[in-house]
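Each of the next two complexes has subunit A plus one more chain, namely subunit B in the first and subunit C in the second.
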Partner chain A sequence: MNILVCIKQVPDMEAKFAVAANGVWYDPTDLAWRMNEYDEYGVEQAVQLKEQVAGSDVTVLCIGTDKAKEIMKKALAMGCDRGVHVADDEVFSREPYEIAAIIAEFARDKGFDLVITGMQSQDRGSAQVGLLVAEMLDLPGISTVVGCSLDGDGLALSRELEGGVRAKVRVNLPALFTCQLGLNKPRYPTLPNIMKAKKKELITIAVADLLKVAGRQATTALFVPQKKGGGLVLEGDPAELADKLIGILKEKTTVLS
Partner chain B sequence: MNATIETIEKEILRGGEYLITDVSSEGVFTPEDFSDEQKQFAETTEQFITNEIVPHIEEIDHQNFDLVVEGLRKCGELGLLMMDAPEEYGGLELDKASSMLVAEKIATGGSFSVAYSAHTGIGTLPLIYYGTKVLKEKYLEKIISGEWCAAYCLTEPGSGSDALGARATATLSEDGSHYLLNGTKQYITNGGIAQLFTVFAKIDKEHFTAFLVERDFAGFSVGPEEKKMGIKGSSTTPVILDNCKVPVENLLGEIGKGHKIAFNVLNVGRFKLGAGVMGAAKMALEVGIKYANEREQFKRKIASFGAIKEKIADLTSAIYAAESLVYRLAGLLDEKLATIDKGSEDYYVRYQKGIEDYAAECGISKVYCSEVLARTVDEVVQIHGGYGFISDCPAARYYCDERINRIFEGTNEINRLLIPGMILRKAMKNELPLQAEAMKAFEALMTPSFEEVDDTIAFAAEKVLIKNLKTLFLILAGAGVQKFMDKLADEQEILLAAADIAIQIFALESAVLRAEKSTPVFSERKRELLKAAVTVCAFEAAECVGTAARKAAFYIEEGDTLTMILSGVRRFAKYDATGLLAAKRALAEAASESEKYLFG
Partner chain C sequence: MKCLLIGEYRQGEMLSSVYELFGFAAGIGAEAALFLVGSEAAVPAADIGVYLADAERYGEYQPQVHQRLIAAAVERYQPDLIVFSHSSYGWDMAPRVAYRLGAAQVSEVVDFVDGEPVAPVCNGKLRRRIALKTARTVLTLQAGAFSAATLPAGSPNIEAVEADEQPRIIFEGYEQAPAADVDLSKAEVIVSAGRGIGKPDNVAMIAELAKKLGGEYGASRPVVDAEWVAHERQVGTTGQTVSPKLYVACGISGAIQHLAGMKKSEFVVAVNTDKDAPIGEVADVLVVADVTQFIPVLSEKLG
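Take a look at the complex of A and B:
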């Protein structure tokens, strides 16, 4: 089985975020970075399928700055066979349609039997990329997958729906699915495999070679919602309270004027 | 050709040399230099400990040793037991920086980390360094896969620090096929769970020698578990040798050379202990910071009070120095060891010699880092207030678990004595021009200085301080040697003070060199914090050295020379720490905001 798994590097979500100077994204300064959690399940699933089907090959793809290679090396240490790094310093300004178009452009004509993505990224969280890629490549796209097993020539998938309901889906290959948290238990890369991954192929492609579309939407502002004012509790005897209340209403509102 | 080799060798700072030379930050290894692979080793270790060990610490501390054995086996699967083993036996032979990084991350696993460290360190290293091919083929795979657990038996009821005073004996059988071992070993880490023991005994009551002993050998038994103050989930038992039959091929190294094995393994062990306790200190600090952010008194988070802020800032800075020291030493050892041809017959002999050269620095790692941890857990209990004294509080466990670190792998006193001892021995062997440098230092003492700090250089004031502290060390070491000559070894109080000075210099220098080297990779904000941490480190080092130096001066000298040296202490331990309070507050506020150790 020829598998493509797409991953993204995101900040550690425990970090304190600040809005960047451009006002449309967060400031990346001093943040710790890791593999998007949803994508870790994708890598694990790809490797598990590879282990089940002899002769399989797993390509991991990541769009990002040079730093993104860190998580690609982790994916290779987890068992992916080769890496494709799409070098893009502007990755944070790309909207989902552009990201999907880059992936689709790369994957087209490569004969992938299966494309796996995370359900969403932990930072932008659009949950669009996977399904857009499926559409662009004219593949059946299955979202929110929490179970995956081989079923003849295809896959038997389990989807998580709202309210604790599950759906079983069968799909023939080629296909694409997006991973929900809990799909499997991502392995820890072992030390020997981390060392072996150093020797695996990791090629870099310039984003300009793959990005053939223009963005169709733009984020105009990123902001922290203002906290709603807390309630005010007045204490004292009733007469005093009434005076205080009237004072506040006069001062802060127009209802008594 | 020779000249080239000489220059290459010269570039690597030799053991003890830091005390007599100006060191540039250029070649210093820092945590900011970790490769992507090393970062992954750390991540795998951290996730393993967090997910598979930490949830069971309580159970492990109730001596459910099955969990420890199972944990070690999982470590084996992840490759965490094979880092030091040679490739031809399935090992990875990773550099010291990698193995220190893993030790640092393992350390958050409480008692489990002690079992792990004893297994991979003193348990495994004698076999790797001194085992014959036959022994390695027989045992190494079992050890690095976690199938077998390993232990090291040196201490006896009558011999602790005086390790060579061991009374256990080994007698060759009449047919020459095996040795009969007799004696009792005490406080053996992993005693209850190990299958393979490195046991030290004297052949014919005279020749101190190491043996590899299997748990199932006839005449071998293990006594009851000790009831301990801390690290309760690590097995500690006596080992009883009652005519224990050990095949002659299980003799490790050479007859009568057991002390080499015992001490060389301890060098790496001490170094690694430093890495481990530094990791434990980071974790304890983090718990302290989080609690200070939650706990309210006087209607404020206690993290907002200066009394708490100062603790957080001081600990952050001390841990920064500890971390800088550990990885700087890892870099030095890795550079040194990389010059040895792995294929050579005497690889491990030269490897040992390479490490032995840094015995003083290995001792420094042990003493400095374990005392940083001691201070950290003490203050973290304090931050928790009354709750910190309740056994359920993690801070209470950290406090109890910490204590042993200042005792095992050579007490901090033994290590302190060893630090100036090693340096003086090198001077005697003309490996370090200590005497010539001490003369220069005395001259400096008698020459008034008009040296001004050049503000255009990064960390200029701290660099001048380091230089001056080195001068101070040389003055006192010179005075001590002159007065007591070869009897200096008997003046332990003086040696302890000299050790404090040498330790502080190495720690501060490591912190400053790292800060200088890593400044470009940090953001503007982080750079300010880095400067703040260096200021705190420099102030503390100057104070500590000042006290130790004054003490040593009173111990060694009297009259005019004493007066002169005391004025030298005032001059050379001087540090202008302007902005110290602001530096501490900035550090504490940043640490509280991120709820983490700031620099790792």
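Take a look at the complex of A and C:
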């Protein structure tokens, strides 16, 4: 099985975000960066399928600045065979339609049997890229996948709906799916695999070679939302905090009486 | 301005989230019509225009086919906006429809200011305003961001829509979550563990506090995905919806999908090391502290 898995580098969401000087995105300095959580499940699923189907090959693709190679190395250490880094210093301003067009342009003539993406990124959260790639490549696309197994020459997938309900679907290859949290247990790269990954092929393509479309929307302003509700904020020593909280619960709720 | 509102039909019924779409359209002063792959019986008895495709024929989940059906309705109604809920159906269909129409798509819209949608970034810590460059736009709306509308009394004006696209996915049916042993919806107090508890051993201190408060313990999704806590205790859109007298969120950031499951709680306490965590928006009290230090102290003081 010839698999393409697409990953993105995102900031750790626990950071304190500041608006960048351009006013339309967050300031990328002083942030800790990691692989988009949803994509970790994608890498793991690609590697698991490779382990199940002899002769498989997994390409990992990432559009990003030079720094994004960090997560590509992790993906290679998790078991991907080769990396394609699409070098793009403007990655933060790209909308899903442009990102999908770049991926589709790369994948079009490569004969992938399966394309895997995360269902969304943690920063933008648009949940569009995977399905747009499926449209652009004319592949059946299934989103929000929480279960994946081989089924004859296709895949049996389970799509997560609301309230614990799942839809069972079957699809023939070639196909594309997007990963939801909990699809599998992403492995930690082991030291020997991290060493091995250093020897794996990691090529760089300039974004200009793959981006052939114009954007359909643009962020005009990024801002910190005004705090609407927001109650009392308590800070200090744990023992004092506990006393204060107990006092408040006695006053404001009936659970301690 | 005209909006085509895309209803959702599951297991024979139209989901009530569609009324929020009507609320959105009314809020921006737009004319609206409903599109539904469903049945006549599921269409609300109201004075609205409806483009109806038969779910018996086209299936409840057949995205390629639904894409063509929606495109056919767009062709007839000529809307400026095609509006979905940001739900498992909406985020799945919206990009396909946008692509087919050559339209821009903005996801999880929470506001609409001077013709520009506003959407969250980074778990709601930031927001952005978006300028649209296409004649038509596809939007998905965050659940709860727009109030539900009451529809005008009357009878619907239904037009059938058809398409002859062949399915490319075989839909084999729904799988329900197994029946739960604990019913969180009945608990008066829920203490929930989030990823911030750090390790599975710390679930015990959360359970202990829940017991001291006479309630049950719950969890956010990552804690369930990591199998530290059973799925039946997950709170949120893909878990339980709860409304206890007291909800204590321990090491939970407050993602919208978690909030959707607990924001009706009467009193919310959040314990988080991050003063800016979005959970602060719904918390009556935000205790800025390390869960592993604070929770044992609190439990002990409760005796």
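The rule is short, and it goes like this: the second predicted complex is superposed on the first by the 228 of 257 C-alpha atoms of A that agree within 3 Å, B and C clash if a C-alpha of one lies under 4 Å from a C-alpha of the other, contacts with A are read in each partner's own complex, and residues count from 1 in each chain.
To be clear about the criterion, a contact is a pair of C-beta atoms (placed from the backbone, for glycine too) under 8 Å apart; a residue touches a chain by one contact, two chains touch by 3 or more.
Only a predicted model underlies this, so the values are computations on that prediction, with no experimental measurement involved.
S.K.: Could you look at A:69 and tell me whether it touches subunit B, subunit C, both or neither (first, second, both, neither)?
M.R.: first
S.K.: By the touch definition at the top of the document, which applies to A:77: first (subunit B), second (subunit C), both, or neither?
M.R.: first
S.K.: Quick check for you: in the superposed arrangement, does A:16 touch first (subunit B), second (subunit C), both or neither?
M.R.: both
S.K.: On the A-aligned overlay, A:52 touches which partner chain: subunit B = first, subunit C = second, or both, or neither?
M.R.: neither
S.K.: Please work out whether A:26 is in contact with subunit B alone, subunit C alone, both, or neither, and reply first, second, both or neither.
M.R.: Touch partner of A:26: subunit C, not subunit B.
S.K.: If you stack the two complexes on chain A, which partner ends up touching A:190: first (subunit B), second (subunit C), both, or neither?
M.R.: Touch status of A:190: first partner only.
S.K.: I want to verify the contact counts: of subunit B and subunit C, which reaches more residues of subunit A?
M.R.: C
S.K.: Classify the contacts of A:143 with the two partner chains as first (subunit B alone), second (subunit C alone), both, or neither.
M.R.: second
S.K.: Give one of first, second, both or neither to describe whether A:204 is in contact with subunit B, with subunit C, with both, or with none.
M.R.: A:204 sits against neither subunit B nor subunit C.
S.K.: Once the two structures are superposed, pull the subunit A residues common to the subunit B and subunit C interfaces.
M.R.: 16
S.K.: Which bits of subunit C are touching subunit A when the two form their complex?
M.R.: Per the stated touch rule, the residues are 10, 61, 63-64, 86-89, 91-92, 94-96, 98-100, 103-108, 116, 119-134, 137, 168-177, 188-189, 213-215, 221-222, 224-225, 231, 237-239, 241, 245-246, 253, 266-269, 274-277, 280-290, 293-294, 297-298, 301-302.
S.K.: For a test of understanding, state which residues of subunit A touch subunit C in their complex under the given definition.
M.R.: 11, 13-14, 16-17, 19, 24, 26, 95-97, 119-120, 122-128, 131-132, 135-136, 140-144, 158-171, 181-182, 215-225, 227-235, 238-239, 241-243, 245-246, 248-249, 252-256
S.K.: What does subunit B use to touch subunit A in their complex?
M.R.: 36-37, 39-41, 43-44, 47-48, 77-80, 82-83, 92, 94, 523, 525-526, 593-594
S.K.: Can you list the residues on subunit A that touch subunit B in the complex?
M.R.: Listed in rising order, the residues are 15-16, 29-30, 69-70, 73-74, 77, 188-195, 197-198.
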